[in-house]
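The letters A, B, C and D name the chains in turn, as written, and every chain counts its residues from 1.
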Amino acid sequence: MKTSDDIVRDAEAWWTTEIIDIAPGRIAMRGYPIEELIGQVSFPQMIWLMVRGDLPTDDEARLLEAALVAAVDHGPHAPSIAISRMAVTCGVELNNAMASAVNVLAGIHGGAGQQCMELYADAAARIGQGASFEAAVEGALDAWIAANGKVVAGFGHRFHPIDPRSGRLLGLVEAARARGVVSGLYSRIGQEVEAILERRKGKRIPMNIDGATAVIYSELGFAPALGRGLFILSRSVGILAHAWEQSQQGGRIKGPMPKNIPYTYAGPARRAVPGKKQA
Amino acid sequence: MKTSDDIVRDAEAWWTTEIIDIAPGRIAMRGYPIEELIGQVSFPQMIWLMVRGDLPTDDEARLLEAALVAAVDHGPHAPSIAISRMAVTCGVELNNAMASAVNVLAGIHGGAGQQCMELYADAAARIGQGASFEAAVEGALDAWIAANGKVVAGFGHRFHPIDPRSGRLLGLVEAARARGVVSGLYSRIGQEVEAILERRKGKRIPMNIDGATAVIYSELGFAPALGRGLFILSRSVGILAHAWEQSQQGGRIKGPMPKNIPYTYAGPARRAVPGKKQA
Amino acid sequence: MKTSDDIVRDAEAWWTTEIIDIAPGRIAMRGYPIEELIGQVSFPQMIWLMVRGDLPTDDEARLLEAALVAAVDHGPHAPSIAISRMAVTCGVELNNAMASAVNVLAGIHGGAGQQCMELYADAAARIGQGASFEAAVEGALDAWIAANGKVVAGFGHRFHPIDPRSGRLLGLVEAARARGVVSGLYSRIGQEVEAILERRKGKRIPMNIDGATAVIYSELGFAPALGRGLFILSRSVGILAHAWEQSQQGGRIKGPMPKNIPYTYAGPARRAVPGKKQA
Amino acid sequence: MKTSDDIVRDAEAWWTTEIIDIAPGRIAMRGYPIEELIGQVSFPQMIWLMVRGDLPTDDEARLLEAALVAAVDHGPHAPSIAISRMAVTCGVELNNAMASAVNVLAGIHGGAGQQCMELYADAAARIGQGASFEAAVEGALDAWIAANGKVVAGFGHRFHPIDPRSGRLLGLVEAARARGVVSGLYSRIGQEVEAILERRKGKRIPMNIDGATAVIYSELGFAPALGRGLFILSRSVGILAHAWEQSQQGGRIKGPMPKNIPYTYAGPARRAVPGKKQA
């Protein structure tokens, strides 16, 4: 039989965190007083500290920052952005519009980076277990395709023949590698995946933004699930910008298309409710 | 009667944005090629560019960055954080947990900064219309209280006698003012509100994190509604960090308290469904 | 200084409800054992019991049921439905798709019924205070327009010249009035609003689904805010049906329009990032 | 090269549905004019029509109705309900509170019924392929446990030794079977699962609400994924009721526990930001 003291102790332990310590007049994140962090660490360093538990070097933070800058938006025809804009015209506030939009950054729309990180991690693990570089990447790629299908997350784009963001991001990784900030292993893995795909398909399936940010997040040691989390922080910026722009443009109950384009009804023809008298 | 050409033109105009231009192989935000932005602008500069349309100076961006760093988290007993953590234990993914949490950063939980910016803006408008500084702030404060109630958004904290974040943020504003980055008007308005409240109540109701970030966002020229938007970008970091930590801790269908503390039922006593036979 | 006993008592009282009583092996809603309710009350009766605290008569429940049936869907071009369908193609599950959609049933999209109920309630209050029927409705309408603008919630439809649902719902209200189930006051108020609007505009602005369900919910004594809640329960059915249909149709990252219709970019022309070397 | 006529045709086909047909002044669901459905079909019949495409018999609809009535609520300590109530105190409206809550009715919290339906369906498939009843259920159970772990969805409850809803629901299934409404196969499968579990564990792990509603939805021919959808429609009622009750109780920024119970910080001790001067 638990005493009230026991119950209170259990209740205090119900919510346990290593992230933030709060006492009256004192707040510390991961042990660092907030008033020391403010003005001294960059926003990307703070993101890293919050999800990882320690502070990155300035070089590491700059590489993370490049990935965060790269993925903020892909225009009003992306479902997440369209949702954010339509939501505003229904009368919700910015937080609600952002929530409806962030909610769909799921496996298919926002999870490609995460899936790509899993592919890279498998290749790295095979190398760690003694496989040759080429065999490791090819084996990881085959295993990934067997489990997930032939559209390889992080490679190819239905719109961009070459993604202008990927080359720039890989260039930053290479510069960081040259300065010893990262090992460059995941960049090599990513480029090997691209080479294998080109060899197999007979045409280039270039690394896209998800594949390139996956290289950076992997080089920096983030877990794959956090790859999606970081993408969400980045894309939230575009979602906010579009929600705000829509609120300034106005509009009420904006649908996906103008009203003079009807949708197609493909169901049964008009019929009477069975067993009921018609009106 | 509209032709198909007309209809296509209407459809193309249905979604119109000044934020992002995308063509095959080319992406530009607010006119700036994405590959030039990546690695050259900071994440706070990118946030500013996306919601404002132009790039801030490095000094302006650093002040924005301090505000973004300051508000990332307030612990697992904040509803948004508790929601994020409970959501994870129900089986959702990080994007869904973040969405349920971001959704509640509404008027009361996340909108204090926005409301405080409206108070400051009213004071500034009264100064612009010729009122003395003291009369403008007092008039704006009275009008705000008449419209919103006596709990003044941005001042006082149920937990912190002095908010450790506010002084540090105001110190950064003062340094920026000394270098000519901002005017310092909103910082003076905020401190005058604090002084009036202390005079009226006979005790200090110190500026809290919302009041201090409202000073910064106002100094930097953001619209009040964007104050909430920026807060959401900041708090999303803490929401992600806690969702991720909870996913590592495990737990299934975590309620708000341990099961040995029952909730209180205060409704009618057991009764039979009227006019029905009891089972 | 609180003892552990005090703290446990506070914690037990933190969550207090009159809705549901749960003990091991026993569950009662509003005092009624769940096993008696199951199979004996209809789903609309259960909805009423949960939000109101008592059971309606069969006649009252059938009127509520008609309103719930009427509002389930308005097609894939409604933002809520489009959001639900797009969400599914991003990889979320049904609960997430429904959440993103339900979230936008806000003031403009889903709140028209609530606003209309407020208009009706004001008219009824004026009658209760002794105004003549005509003066009360006209006064309430003028006050509503002054506060909310000239588009009167619940009247007129951008698509339907006559809403096929309204007449049928009002017919059911009239039949219920004839049997003494409801007073018919709100139906008369709604029809008077319609008559005033026709007189003022010189053309008919017929009562739409929101105006007609507002009549029913008002006749049945629901608070205006619950009008929106009931609409959400109803529209959730359509949201689910469309999410499910989309999941069967397939599709990945479905945007609002086909890709061969571009959106319009209306921002600044391409420009170099200022003060930075061009790539 | 597509002409404008082609593009318009593509756009019209972009959103295609068999659910609802709308023309000015005319609305039909699955071919049935809405004005005929209103007042003639029950809300559960409408739900069935919308997600299945045809109308159920009255007997089938009553069985569905019993399942919808049974699952509306499990009290404020259920995460979905706690989230709904906390959300309201942050200043959101009912639709937003419901969205944050519905969003977490995911695999673990709301998906047990779906998972249980998959188990039942596998058993039924094995019977269809010629296995004996006992071997089919045992084989399906073993396969389910191998894939999903030893906690079998739909059986056992951390709170109720016997779930008062299950027996009542199974009784209604038996009555429906006796009248030829359903086959009773899934009820027998569910009870066989219960018997196997009791034999294996040496104690009763009784069928819970998820297992019992899974029996009903399977008997009625719903796809497993729709089991979750139907549960969401049901639980939305409780979520609404609690959100509304909380809005009447008031409260601002309600956390999961009273403030006099602190959470536990388990992270690093206070430390200075490395390489930075202390303030």
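For the reader, a short list of remarks on this structure follows.
As a working rule, a residue touches a chain if its C-beta (ideal position, glycine included) is under 8 Å from a C-beta of that chain, and two chains touch if they have at least 3 such contacts.
None of these values were measured; they are calculated from a predicted model.
Annotation of chain A and chain D: jointly contacted by B, C, touch as defined at the top.
At the interface between chain C and chain D, two copies of one sequence, more than half of the residue numbers in use are shared by both copies. To overlay chain A on chain C by their CA atoms, one rotates by 180 degrees, a value rounded to a multiple of 5. Put simply, the C-alpha centre of chain B and that of chain D have 34 angstrom between them.
Our note on geometry: chain C versus chain D, Cα centroid distance of 21 Å, whole angstroms.
Centres computed as Cα averages put chain B at a distance of 28 Å from chain C. Among all residues of chain A, those that touch two or more other chains are 7-8, 11, 14-20, 22, 33, 35, 37, 41, 75-77, 82, 92, 96, 99-100, 103-107, 110-111, 159, 168, 256-257, 261, 263, 279.
Residues 8, 11-22, 28, 30-33, 35-37, 40-41, 53, 55, 92, 96, 99-100, 103, 256-257, 261-274, 276, 278-279 of chain C are the ones touching chain B in the complex. Taken in their complex, chain C has these residues touching chain D: 2, 7, 10-11, 14-20, 22, 24-27, 29, 33-35, 37-39, 41-44, 46-47, 50-51, 62, 65-66, 68-70, 72-77, 82, 85, 93-96, 98-100, 102-107, 110-111, 159-165, 167-169, 171-172, 225-226, 228-229, 232-233, 236-238, 240-245, 247, 249, 257-258, 260-261. Listed in rising order, the residues of chain A touching chain C in the complex are 3-5, 7-8, 11, 75-80, 82-83, 86-87, 89-92, 96, 99-101, 103-111, 158-159, 168, 252-257, 259, 263, 279.
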